[in-house]
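The structure's right below; bear with me while I get my questions together.
Order as written gives the chain letters A, B and C; numbering starts at 1 within each chain.
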Amino acid sequence: MILEYVLGAFIIGGLIGFVKDYRASVKASSFIAFLGSLAILWQVYKVYTSGPVQGTVFGIPVHVDSLSAVFLFIVGIVSLGSALFSIAYMDYHEQRGKGWVYAIAYNTFIASMALVVTVDNLEYFVISWELMTLSSFILIFWKEEKRDLDASLKYYITMHFADTIPLFLLLGLAAVLTGSIHNLSYSAIQSALLTAPPSTKAVFYTLSLLVFIAKAGVVPLHFWLPDAHPAAPSNVSALLSGVMIKTAVYGLLRFDWQISGQSITVGYLVASLGIVTLTVGTLYALKEINSKRLLAYHSIGQMGYIWLGIGIGMVLIPKGGMLTAVGALGMFAGIFHAVNHAIFKGSLFLEAGAVEYATGTINLNELGGLGSKMKATALATLFSSLAIAGIPPFNGFISKWLIYVSGYYSESYILALGAVLAVFISAATLASFMKFYSSQFGGEMKRYSEVREIPAVMQLGEWILAALTLIIGLFPFLLVGFLNNAVSVINNGVATPVNGNIYKIGFSSVLFSPVLFIIVLGVIAFGFYLAFKPEFGKEAKPWDCGSTELEWDEYRLEAEGYYLKYEEKIGAFYRLSDWFYGIGSLIIHYITRAYLWMASYFTKIIDTPYTKVETLEDLREREILYIDEEIFKPLLRFLNIARDVLPGIRLGTFVVLAIIIVGAIVGLLVAL
Amino acid sequence: MEFDVVKLGFSLAGIIILLFLPPYLDGIARRVKARLQYRRGPPLSQTWYDLQKLFSLPSVRSTRSALFTWAPYLALASSITAALLLPYGNIVPINIGFNLIVFFYVILMVSVLLMLAGLTVQSAFSHLGSAREMQIILTVEPLIAILYGVMAYNAGSLNIARIIAHLHLTPSLVLTYGVLAYALYVESGFVPFDIAEAEQEVIGGPLSEYSGRLLGVFYYAIHIKRFALLWFFISVLVLPWLGTIATSIKAVEVLALQFLLTLAAYPIIAALEATNARLRVDQVVKMNTRMFFAGVIILAMAFMGW
Amino acid sequence: MNGSIFLVSALLPFLLILIWKLEGKAADSFASIVTGLALLFNIYGCYLFFQEGSEKLYHYSYVSTGKLGEVFGLNIDVASVLMGLFSILIAFLLVLYSIAYISKENRAFPLEKGKGKFYAFLGLLIGASMIFTYSTNLIQFAFSLELMAIGMLYLVDFHGNARLDAIKAFLVLNLGVLLILGAIVILGSKQVLFIMPKNNAALLLIMFAGFAMSSQLLFYSWLPDATVSPLPATAYVHSASIVPLGPYMLFRVIQFTKPDDSTFWVLGGLTVALMLLMMIYYPLQRDAKKLIAYSTIAQAGVAYITLAYALLGHVAGIQIAVYQVVNHMVVKTLAFASVGGLAYSMGTTDLGRIRGIRKVLPWTGIAWFLSFFGLAGVLPLGMFFSKAFTIMITKHAKGIASWLFPGIVLIDAAIFLVVVLLWFREFFFNEPTEEAKTEPKLMVAVMLVLIIIGVLAPWITLDIVMKIGFAR
């Protein structure tokens, strides 16, 4: 099985990190991760051409069906770009040392994600899931800056409470369902759930949804994401945002749809969460001026689109008739958007990393004027930005468009409103990426006149993904069969009636032909360009009203000033969200207070009884109180007195006493 | 092959209309405004003369960015493409995607390119203008999206032809027409919503660094975009109630009706422009947000069958 | 298959008492050779055992009395072989660790002389633990526990600063002995495991004896206080000796008598109450050793919970109890080894006073990271798996226990993890407060071996524990 090569590559990639020299270590391990990613894609291709494969990889039961293949493709393609990019990018972090930690965690991370989407057994799913969480946690704190540490802690604690605990309970539930701890394969759980009582099913839904909500960064468990994703090195951020949160989508489809059976209620829940998430995530992104945080918030927002699409599918597929087709389209579009988001978000994070590599900052307020210095990166960023904003003919447009179509056709008010909000948020995304692109690459600044383009291997890494945004956008039908297999495998053969051919794609009577579109657009643009070639007279600096005092670099709009008025006007939204956030921190605050109150009874009060306990440190200063000690205090006092009264009592005395007593009893027993 | 000839004829007519009419429309508007202000006003082809003049002048180059050079052409191509997606008579010149959302995005691309162009130069004015343009889009897009929602639900399709064929009159549709007119008016950037270019404040906004031929191309693109939005509105407003267009004769009549209504709408627009002063960004945002919530109610009405 | 191999392996460590007066290198080499030999014998024995088929049970009787029946014998089955092997393996590694750790270079506990004495008591502890592991009857349990108690008494007060703590430990363990004796009184000559009848009174007494051993309610404070003993000895007590042998003894009794479920709530309820208590204690503790002690108590609690499931007649309960205990051994030893690194190099085990571990003590840092996170059930070490299986066999619980027990187990681990994470942020990174000695190579080597064993053990032992079954 090819997956064996995949795992083998990542194991070697991790081990090779032990090379002493930092550069050699990161370069070699990244390169081997690149080979591993190629092997992943090879496996995907094999599954696509010759059907699902099943078997064991190093003793791990795997089953790569069409759904797994789609997500394995996501893992492979983003890792491919990221690994290539890493080969040169990791030099940037040389002063942090410990390349081997990076090497192991990075390779483990990709390998575990590949396993998450391919294993066929709940136990191994949990193991790979936990491995994924752990390795990503290590990568997030890898830079060891104070803020990154806090972010990684927040991430890990959230994951433990919202992922690990429910997953373990899910294991327990699965063992109850299948009646054995040795047979937790998906098919066994699925058939057990068929006959399970509704309450058991409800528990199953609740637990698994919780897991995937938290991992996907869906509101209300999204708070960790904007801190954690930017904290990692950019090549890892690409994997976090591009791939890791997609495993939650995989889980959602696998567990809450295929295994647990169809449920319209869950569908409405997923869709509404998607609607809220896409709104909250993107509108927060609009305010962001840290480029990686901005991207991270957009990951939340785009995840909302994916959930909305899948939610539409979950609601409509069971309804039958035309609505089933619409639902299948929604699910199809959701999965398609997951693929697309992986590609352009991976690319965008790599580009943010490229800018960081070249200039040393990711603050959009400071950046600017890089367009002429880093042409390749600028163009790649433009492609990916237009893709995420859903501008035709890039890939983001196609999948978003299909989500809108399914929402508008759903004949359900909530879902249609979801589609409306999705269109709106698409504009907000556009706004955000206008800012993202132009505040980095627009204008011309003296500050960055010495900046040079990044090394070729990094460019190759980002361009693999950036080029795909256009290729998939132009020829979306290339992926239709691939994705439709996935939709049909989890829907008992219901596939999406997406029609079209190599140069167009559509659903019932709505069609779009990206190729024709780009040809028309190109012909007109070129035609006019040739007919009215631009003629340039003199060159002049932009007009600055004749000011003499103006600093050239400052003659522009700072990133935070772009949409200030708009943000003020929708301030109510931010206040509402902040209020919810405040509630969250208030709950944590009161839990802490309650704990301190309780714990104060387990410490000995040394000074006055009314000492105020404000923090844990106050309590730690005190001596700890043990209940049993308090109960037996009289006895201890007696022993203390005995020790003082009886001269010459030593430890040995106790031994002798004890042996005498025990011996006497044993002797008595034997004698009787 | 006779039908193809007809189609070709209508397409050609459409192309001629969309290429030549827009500057004249602007001419009409200028004339109307002048008359309202008791001036004589320029000739109807004045906008054409202006464009001609601009086309003959070389541009001042304020950045070496390729995007700066290409943006006007791409914007023009986008607006022409958008206009080509609309029905002329009953013929759509090119069928690259016969649906609302594609139209909506292609129109949006004009603005996107305008903003990108403004942001490629190192100039606070053009940045400011681009940001303003974006803020208008931010508030008007949800409005348009929700109106599309109403129409799609009403007609059961997002396909423009099917929408036209299947719309049925309900109170919500009437309201939709009203709000749609407003939204498209805002989207076109007419006064009082011309805050992006706002000559007096931000000296032309995104266009402030453009001159000569490139500026001419941009202006042309913007005129065509306005025309396309208006033509779209007129088509959605009128075509559903004319019944199926089976014959070429009827199609010609319809085309003529579209044409005349477009001409007739411009004086109204010009009157509105002449009698209003530019709004501030926050005012626009506020108005559009209110309109959006009105839209939510209209959508609810549509789903209740009203 | 020959019982004397295991007998030799169990008795060899007692030889260490002979080096009572020895010091320095001589003591080191003698101790490591003796424990190494014991380990080799044990490995050979295990090899023979598994070759003959792991379902078999061998019973060797050495001493019998008329009234009480057998009082000394060996009970060689898959559970005791597994426990014994890990116990002696850990002992050997800890002896190696002590060679470097117990020295005057140690910043926290510099030791000029008395190394031989340390080995002697450690040997007593090791030997007694081995005899306890292979025990066939309650008398043998009581006897070896008494030996361990004596060893503990001196080890806790080894530095001469913790007399009361030593006496407390000694008293509690003797209470355990008395409780076992009480059970013997009830059972009479039926105190031999193979003929032991179902008897709930005796079971309760043994249960509470086990509680005393593994520091459960009602006597849970001796273990945290006993951490003042030299660190390798503490590590041994926590991981492979007295503490895990508490649940092991109960496991033996349940395995051989298959009691009914009338004591289910006593066992489960007290354990859960204790784990709740531990959740309160974790954040209060600054001292790494005591923090581990709380975790030990809770982990022993997990084993008791699975044993409670076994009381309901489910074989998975006893299997997972052994699995939990065995995995806990390695992780806990590693945790202590890393804390030993802190004490040796930084001169303190107070987490609040240490900074920048990852820069100055990279190896100890890795061991700390893996073991402390591992104790909270984080991969790749074994507690993850034992915790998972504990949850998975919850289906055997009844009533409220079916959600309360797993919930408590998970939340307990989660709170421990949060506490560890908060310490991790404080002391793992930042700038080091002061210069630190590098940890000796031998200590590092032991930690690495433990990490490797810890990663492999859960995969290997799972199949082995699945062979455990009720004896009748």
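Everything below uses one rule, namely that contacts are C-beta pairs under 8 Å (C-beta built on N, C-alpha and C of every residue); 3 or more make two chains touch, one makes a residue touch a chain.
Only a predicted model underlies this, so the values are computations on that prediction, with no experimental measurement involved.
K.L.:
In terms of C-beta pairs in contact, which of A-C and A-B ranks higher?
P.N.:
A-B
K.L.:
Comparing chain centres built from Cα atoms against the global Cα centre, which chain wins on proximity?
P.N.:
A
K.L.:
Taking the mean of the C-alpha atoms as each chain's centre, how many Å separate chain B from chain C?
P.N.:
Centre-to-centre distance between chain B and chain C: 78 Å.
K.L.:
Roughly how far is chain A from chain B, going centre to centre by Cα mean, in whole Å?
P.N.:
About 39 Å separates the centre of chain A from that of chain B.
K.L.:
Among the residues of chain C, which ones contact at least 2 other chains?
P.N.:
none
K.L.:
Enumerate the residues of chain A that touch no fewer than two other chains.
P.N.:
Expected reply: no residues.
K.L.:
If a residue has to touch 2 or more other chains to count, which residues of chain B qualify?
P.N.:
Expected reply: no residues.
K.L.:
Show which residues of chain C lie in contact with chain A when the two form their complex.
P.N.:
Chain C reaches chain A through residues 65-68, 139, 142, 146, 149-150, 153-154, 157, 163-164, 166-168, 170, 174, 177-178, 181, 184-185, 217-221, 224, 277, 280-281, 283-286, 316, 352, 358, 373, 377-380, 384, 387-389, 391-395, 406, 410-411, 414, 417-418, 421-422, 424-425, 429.
K.L.:
So in the complex, which bits of chain B are touching chain A?
P.N.:
Answer in residue numbers: 55, 57-65, 67, 69-70, 73-74, 76-78, 80-81, 84, 94-99, 101-102, 104-106, 108-109, 112, 115-116, 119-128, 130-131, 134-135, 137-139, 141-142, 144-146, 148-149, 152-153, 156-159, 161-162, 203, 208-209, 212-214, 216-217, 281-282, 285-286, 289, 296, 299-300, 303.
K.L.:
Along chain A, where are the residues that touch chain B in the complex?
P.N.:
Result: residues 368-369, 371-372, 382, 386, 389-392, 397, 401, 404-405, 408-409, 411, 413, 416-417, 419-421, 423-424, 426-428, 430-431, 434, 437-438, 442-445, 504, 506, 508-513, 516-517, 520-522, 524-526, 528-529, 532, 534-544, 552, 555-557, 561-563, 565-566, 568-570 of chain A touch chain B.
K.L.:
What part of chain A is in contact with chain C in the complex they form?
P.N.:
By the definition above, chain A touches chain C via 123, 126-127, 130-131, 134, 141, 144, 149-150, 153, 156-157, 160-161, 164-165, 168-169, 171-172, 174-176, 179, 181, 595, 598-599, 602-603, 616, 619-620, 624, 626-629, 631, 636, 639-640, 651, 654-655, 658-659, 661-662, 665-666, 669-672.
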